[in-house]
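We call the chains A, B, C, D, E and F, going by the order they appear; numbering starts again at 1 in every chain.
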Amino acid sequence: MRIVVTNCNTTQEMTEEIVRGARAAAGPGTTVTALTPAWGPESAEGWLDSYLSAAAVLDTLRTYDEPYDAVVMAGFGEHGREGARELVDVPVVDITEAAAHFACLLGRRYGVVTTLERSCGQIEDSLETAGVGRNCAAVVGTGLGVLDLGDESRTEEAFVAAAERARDAGAEVLVLGCAGMTGLQRTVGEKLGLPVVDGVSAAVKLAESLVTLGLTTSRAGSYAKPLPKRRTWGPPPGEAPPPR
Amino acid sequence: MRIVVTNCNTTQEMTEEIVRGARAAAGPGTTVTALTPAWGPESAEGWLDSYLSAAAVLDTLRTYDEPYDAVVMAGFGEHGREGARELVDVPVVDITEAAAHFACLLGRRYGVVTTLERSCGQIEDSLETAGVGRNCAAVVGTGLGVLDLGDESRTEEAFVAAAERARDAGAEVLVLGCAGMTGLQRTVGEKLGLPVVDGVSAAVKLAESLVTLGLTTSRAGSYAKPLPKRRTWGPPPGEAPPPR
Amino acid sequence: MRIVVTNCNTTQEMTEEIVRGARAAAGPGTTVTALTPAWGPESAEGWLDSYLSAAAVLDTLRTYDEPYDAVVMAGFGEHGREGARELVDVPVVDITEAAAHFACLLGRRYGVVTTLERSCGQIEDSLETAGVGRNCAAVVGTGLGVLDLGDESRTEEAFVAAAERARDAGAEVLVLGCAGMTGLQRTVGEKLGLPVVDGVSAAVKLAESLVTLGLTTSRAGSYAKPLPKRRTWGPPPGEAPPPR
Amino acid sequence: MRIVVTNCNTTQEMTEEIVRGARAAAGPGTTVTALTPAWGPESAEGWLDSYLSAAAVLDTLRTYDEPYDAVVMAGFGEHGREGARELVDVPVVDITEAAAHFACLLGRRYGVVTTLERSCGQIEDSLETAGVGRNCAAVVGTGLGVLDLGDESRTEEAFVAAAERARDAGAEVLVLGCAGMTGLQRTVGEKLGLPVVDGVSAAVKLAESLVTLGLTTSRAGSYAKPLPKRRTWGPPPGEAPPPR
Amino acid sequence: MRIVVTNCNTTQEMTEEIVRGARAAAGPGTTVTALTPAWGPESAEGWLDSYLSAAAVLDTLRTYDEPYDAVVMAGFGEHGREGARELVDVPVVDITEAAAHFACLLGRRYGVVTTLERSCGQIEDSLETAGVGRNCAAVVGTGLGVLDLGDESRTEEAFVAAAERARDAGAEVLVLGCAGMTGLQRTVGEKLGLPVVDGVSAAVKLAESLVTLGLTTSRAGSYAKPLPKRRTWGPPPGEAPPPR
Amino acid sequence: MRIVVTNCNTTQEMTEEIVRGARAAAGPGTTVTALTPAWGPESAEGWLDSYLSAAAVLDTLRTYDEPYDAVVMAGFGEHGREGARELVDVPVVDITEAAAHFACLLGRRYGVVTTLERSCGQIEDSLETAGVGRNCAAVVGTGLGVLDLGDESRTEEAFVAAAERARDAGAEVLVLGCAGMTGLQRTVGEKLGLPVVDGVSAAVKLAESLVTLGLTTSRAGSYAKPLPKRRTWGPPPGEAPPPR
């Protein structure tokens, strides 16, 4: 089985970290290919980044020619999953919803610990529309930017502090709220005495499961195939806008 | 990996059907053992049956001595899952929630087609408390009893009729609302042009996934271990009550 | 009028305390009979206990042969009420919902103070499905076990501390969250300056009211009579499982 | 025990009908006194009437000098109950919420059948804020005005037709959605095979219950006593506005 | 365009303050006329006052004979708006909902800072039924009465303290929760670094907008014209009740 | 005052139609400038189009150099509004939420009539997260594509048929669910006897109002300014992907 994992940003190092996590979770017969968008934000932190990322990731999938059996979208709280469901004929699993689905099975309420506080609202909306927001007790920020997660001990400390706020709000299970946190589940889980769910791993297992069971996105209603029409993906050549 | 699947009723034939479905979904390294409660209802249809079933299934798990890695509870809409989560140290997945988790990944709204109309309310409550009720468009009964599902063509016809009502209510994905419907997903899925999720298969894949990722139920809060105390499982000998 | 009150556990002393509270609330023409299940947990604290209790209480009602006009189920937050509604032809009132119904009449938001924190989730679910969860501001635990409630001054102190947390969350009325707390309403009510509702008393008055008005459970839909079928209430003789 | 029942309109005949229903429900030791507002609408049908009625009913209570133990507000879906809770020191029960509280005990979902369609929204809001809206499946109008209810056979026919719509929407119990429908519960209940709850009877029983248990409105928060201040109840003399 | 602004109380000074705020917000072609009810409470603080105010305001509108194009109801959290929508043929905008509509456009969550804590519940209900409660993070009281707002520095200080509680609860935008706070938005907004919405200004702009676009209240369903019938607005002459 | 209106697609004719509607609604001192994205879909119908559109519209705003006072986003149900709120320092009003805000003021429940059924889910999500979904009774499709709206009589007929379904679901006010329907409000409003709200007009009035009152997006929390970082808007030159 071939799973394509899309990073939501253009940072190759993060793609590599994601793919390591995905491969660690994947079953023996599963091949994981990671795609880094050729455009978009270097990290997705906020709504502007998220919408830019969504289009870039969809463009990445649209122009990827190799065959595959499922898509994992590795941008926690980022937009785009419904568009990918329209676009491709295989199951699409977003790491945000994936982590929440698993967390619901492990405790009565779960909490999400993410990077910057500004991302909390997006994550809440994403969980809500995915249909798994009801049992979310809290989404809490660590104050760390996506590209600051490299400093392991600082990240761990900030995660534990934020996790305690989530626990006080009723969380019995924690979710890593950023693809770049993959790997943290083991170290912080022990410290906190709570299960910690990583969305990348969860999404890989869900994607494998759907493929194994022969299930894919419904074409009835919301996720019908995109209509054939003229679409332009990116500005016309020679109109490179000034950076901002 | 060893998965224990518990039937919710005392009908051995149904256990066998369930185990066939579970094994078909299980990965190569997974052993599936099915348990039939030694007591309880011959089929669970309604709240009385469901509460009797819950205690019987918990008793079955409590007295099962072999080692195992996960539990799948195969009673659609039946009670007991939170008790099992307290009782055992391995992940517990209920087929009701499992089917809904998968259905949420396949469409924006899903519907459940079950047996008798009287069971619809229980299923709605079960989905709601599991945290996956938001995107459920409808729970619809076929009017068939659990033990009437053997007549395949009648079942299929009743299922399709009920499924159309769910679709009219907005369902883009269907869920088989009874463990005894396992196997129906292929035939009716094609007729309806919609993905059909079977809870037994879904739960097996979720259980395997949790075990693979080393995740199990949180002991913080709701699902702490049962307190040591005096519990009697069933009436004292010689006090066999009159049947009713 | 004859009201049957079912304790949810096998502890005779608690049945006696409950019946005292029930009789104190009952009108002059009402006879209160209390039933102690012959099996089940000695106290219900958590989901496992609650499901075991539900089956034992239903078995108790099923095998009780005397005539009666209404049932009061005296297990705060415990399962089983819908099963009893199917089983008997008279009104069934659960003390959880009863307390909430009264509390809604006395203030805009109410809070529940219960025993162990692990029971809070069950109570929340019970209120929600009973249709009276909307105006519940908080369910708060005292940290005391059901069988620890005998120490009056410790119980009172713990109750007041927990009640203050509920008040801070917006509760204007308090509910005693355990049948074993009956009697506490007067002492703590004064200290707190808030009305305190006891579920046993409330349920007795509601049961009397329904009987007086000639109202009983609807048989249309959810609470239809149980279907005739083979049900076994407890393990076969000679298969007494090892205690756990 | 002395219960004061307030009609929501100025029609004396309706007050008499209400008081008959209230007395039929009241216990042996209960005296029921009915008050007809000296001003307000002759029938409350819509928001304008309802707000006028609320002030008139509060004025009626404010200027009623006899002692009493509880208030029943007999205007289905009409405003004012929270104001009465502030005003008087005894329990206040509104027939809208009372009927819903009882209906929740009798089935998993209930429906309300009322007079004009224009009143449905008010009733929905009233149930919602009273905290008992969750299990309401539908509020349905009969198309009959409040003062048209005298024609019994037409009323019965219209009620049954509307009730069937409520049942199709999931109602297992019905509520009479107008104080002027009191008495209808018996005749239509049999025809429909569903329990039918009359709010006046329900409110009388709830009021009696609260008084018996020594419970009254919380003064903490929402329903604190009205602040002493200058209030004018009605226009200054000689400024009688033209009728409209 | 002629906008009528109704004060919710009989205090002429407050009417003048409101009209100053309304005129400051109004466009060049808009004439603002303010009406002070001839009866009602001198300030609306709680449910009793609010229902009395609603009737008095409706009576004021009912007997106002000049032509006008829209109504702004300037009582934050007070009742009556639906009645006014039935009564008049022009758009009606309540300052409570108006402020919330604007606040929703300026941040993901908003908070309301009002006078006495006892008013918070009313405001919550008003926002909920107006359809704009979802993104309200908190309604917080300052502890100041309506007629105490004249002391500017005390009001400002109390407002800022309450606003900080709202911000901690997630509010990104603040709403002035009393018509008498009009003018405060500029001073406190700077201190807090948050946008502050004044309901009077917002309602004036919404009223102007609806008139400009030729939109007015729907007569289908809830807000149909009041039925012609006998209504008495205030007690009969000579029956002046004792003040209370 | 200068308002920038962004079309969500690349079809210049639609931009012109939108700008006509916007100008008709704008006050005398308001200048309306319409922007057509240089890239994106020729019409936005579904999630893929919507995410592509969101990035293109944000890019359009990002690279627009003229000064302006507010932004109106003219894509009904399309994504991007939160990103624009981060990006620009002036108020941003989306026509979806704008129409709903106005509709809430005109009736107790509103309905949306849109183009293709596939768009209904997106619109529901957009209303929900904007905080104005509660009073939406239905979102109904006409079956017409965005670029099919030119045929006026067919559009009108399809609109009326869909509007009747919305009315049956409880809508008392209708919303034009596509920027391309601007102008239809007058003709269909009369036929239906219901107010019909056009989102473009509503958004222009809201934008003008916010500017007049000196209100703009909160920078606290969700809509903080985008962080400075490397972002690429569109694929690198020479990597033009094959169309699909």
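In the analysis below, a residue touches a chain if its C-beta (ideal position, glycine included) is under 8 Å from a C-beta of that chain, and two chains touch if they have at least 3 such contacts.
Nothing here was measured: the structure is a model prediction, and the numbers come from that model.
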Remotest chain, subunit C as reference, centres from CA atoms: F
Same or different contact residues where subunit F meets its copy subunit E, judged by the half mark: same
Between subunit D and subunit E, centroid-to-centroid distance (C-alpha), Å: 28
CA centroid of subunit A to CA centroid of subunit C, Å: 44
Sites on subunit A at which at least two other chains make contact: 82, 108-109, 121, 128, 221-223
Successive chains along the ring, subunit A then subunit F then the rest: A, F, E, D, C, B
Complex interface listing, subunit A residues touching subunit F: 10, 38-43, 45-52, 54-56, 58-59, 62-63, 79-80, 82-83, 85-87, 117-118, 120-122, 125, 128-129, 145, 221-224, 226-227, 229-237, 239-244
Subunit A partner contacts - residues on subunit B that touch it in the complex: 25, 27, 82, 91-93, 97, 101-102, 104-109, 128, 130-135, 167, 170, 172-173, 193-195, 197-198, 201-202, 205-206, 208-210, 212-213, 215-223
